[in-house]
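Here the structure comes first, spelled out in structure tokens, and everything after it is commentary.
Read from first to last, the chains carry the letters A, B, C and D; within each, the first residue is number 1.
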């Protein structure tokens, strides 16, 4: 809450670029007595898409009024509008297999308040991470997956999302490939961490590929999940320097440090409405 | 020039933060048929200062009209407004002593069009860099400086700035300390490169200080010049990893690579109106 | 264990530089049938100190024989020699106050085998971290400290080191200043993480200092503890980029990620005998 | 030259790993009264290859004696030995097309003494870089290349190498693909800079590929030239952070800064005998 009982709100607008959009949005906010605290805008010239993220202070309870004014002033702009209280927190479901370094890191950041999310449920095709979930008093659901039950398992995932009212799915080293259909349903709402600096070393065992190729840096990539494996819009990437003296196992350990940080950054950016998917790329307001 | 004969303009606004400022600015731009291409805003909460940088497209020749509309709509906001054609280029005077690595790098970036500036004159207290200036067909002025003639020499510097209609002074390893008076006159218009990661290793021979201290990273800092030596608002910093095996001379060479890049970035940011001095800090829109 | 039942050993030698040292050491190793796997040597020219770290493979049980051969061949070199089985693990005592991010990270790396150490005991002047210690089945000792009991508390620390047979003390954000006497006793055996890029922002609240100064990078420094506060030999440093938009609190969070990684690297380097203290600097073989 | 008239020498040894190699080498050096200043060794476990780089001080004129002792002590080790005075400088031929940023940077570092090489000749398939060569008083040879004359042109390249007694060829953005035959002849003696972070974005227009893919970092790779395009042993890599706001042209400019530094580092490493090609990878002693 800001000064004198005012609240902070987060607004995002995405629409085809047209003259007057900035003025229309700021007018709607002025109509409800809002003071703009942070504002970022970008026009993607390739697609002609306008993206805006605004944090403003206003009296408590103006959400509906602000939405009404935005709808009215933005008639004809064909805009997708998101408006919420800054203090509200998205509910996130984490998928994990056996490696727990990303999971443990997300939970630590969640526990210390660094990640502004709620985590009602953790799902895994293995039981290795159950103790970690339990230690944090988070529901753990074991959903084994096989060639035969994949469709059912994915149906269960979707049902869990509904049950737990989840708006984001994080694949924290979940070593399963989602079906095209599930990817499509989760478009823009599922973030994966890939353990390479994409587009290098797609597919399996990227650190072993990196070792064999003798690269001098290894990295990790957080991206939106799409049906095209390892090809979704990239959200964040980072690398770390390695040398000839490191084995594939050393690269794996060093890379895990990068994976953790990259995934945590991506989840935080999403939770703060800083990511816009535009075509197969992202606009990220830091 | 943008589509169908439109021009790009750059606008910056800096003022005490108040409700309605964003709407007022966007209204003035809409009044002249401008389409906003890039827009960044920030409110510095410590000082209550609002900063905005906007790139917009509009018909040729709207500068005066836009200024008029801005003046009118921003009455009472106490705003500092800068408005110019994006294709116009600030005129820059470079000061240098004997080391030429930063100078050579700036000239290369200027020659290849990377740095959107004009460089009418290079000034030095030595003659070492005269051949470099001549090779680029840039006026070179030798202004020796001593304890006795310092005041006169600085007066000559100011006179040269006027003669050459210069709006920015770049100290590209100019190993002289400017007087308080000159610093004050050049406030916000003089950028220095310091060869350390400030605030570490202020003063003389920072690489030798760094070597003696055994640091594992050395760096460089571009900052606005103020009367407080090495204490001006920081614009940009970068570091590079070093080891025990590097001598002070090696640190110097490695650091020069960093100095070059950091100074060039700072000059480019300034030339594109991306830097706002707010108190003793900078707001930089990348 | 290497091929055909051979074991790996780690050897370090530090002595005044003299012709023949390399040959003498390699001769001693050849005497016991050792095969050198890794070898790094460095001569610090300022102090004339020679440092060598060697990993070799030899038959099990040659430690005593190798020591004997080294003593004999290195007569007159005034060498400090450390020789141990590579698979042996140093015993480490962790000191912590209230912040647990470094502690949690060290424990995670210990649990997953990344850090080749044993952690028999965690000591704190507060009880906040007791649950974390308990969750890892590690002894937790609460040693409150005040102006009055400081000498006794430090005596207890030393007694605990003896009880638990500890060779390294890690100050994982232990917000107490050790006495000169204790620093002296722990010379080369106590590693601290400082939450700034030293020598910038010594002393208290470095992230708030960094915020006030408006730096564009913040960092962390792992160093050996000495009586000179924040002046001990630097082992490792790292930085992360920040902007004007980050508050002092954000810098703190971002910096914690750096602290974790820097401290973990330093502890691992120490545990693998890769660090040599030479004067007030370190030689680190990566 | 070191203390009391002694000279510095650089020695490299590469051979199948066998017990006793380190002792044999150090024995040979001791035989000629050498004092080892720097020493690095590595065993590549995949190939069983031993690599050693040693800098030692000895009396002037011991080269032949040292070679003799090494040959004698290393009988049966099947070692490739390189031994030279540290102050001798390899002669380098630079190939370039139209982009001159790498060429200008190499020449600057050569002129200031940072790069310990001689550059007797610059060759290009265009004439754009002739003025730069002339300004540095370096021979410029224009060798246009087409589908028809490629074999002759490459023969001319080889002839020039002989004429100018060149031991290293640097492709400083030379936009031509060398024939398999030429690659084979230049194995280990030709370094190329590729303007992407390999193995990502092989082939043409990598910055445009990177822009289209929306990556958050772009990079450059220096590698030995082999018949397999963009697949030679990697020597050095670096990246720089980019955002959605950068155009393909901006990526190109930012990337050029990285290319320059990466290529210069690789050439310097080669000139100091720090690079060993082992299979399709490199061992690099920093």
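Keep this in mind: a contact is a pair of C-beta atoms (placed from the backbone, for glycine too) under 8 Å apart; a residue touches a chain by one contact, two chains touch by 3 or more.
Values in this document were obtained by computation on a predicted structure and should not be read as measured data.
Chain pairs A-D and A-C differ in how many C-beta pairs they share in contact, with the greater number at A-D.
Chain centres were defined as the mean of their Cα atoms; on that basis the chain farthest from chain B turns out to be C.
Averaged Cα coordinates give chain A a centre that lies 42 Å from the centre of chain D.
In whole angstrom, the spacing between the mean C-alpha positions of chain A and chain C is 37. Contact with two or more other chains is made by residues 38, 42, 243, 245, 286 of chain A. Taken chain by chain, the contacts link every pair, so each chain touches all the others. Considering their complex, residues 42, 44, 197-201, 213-217, 219, 233-239, 243-245, 278, 280-284, 286 of chain A touch chain D.
The touching residues of chain C, when paired with chain A in their complex, are 38, 101, 104, 108, 112, 114, 135, 243, 245, 253, 257, 261, 286. Note for the complex: chain D touches chain C at residues 17, 19-23, 26-27, 29-30, 33-43, 241.
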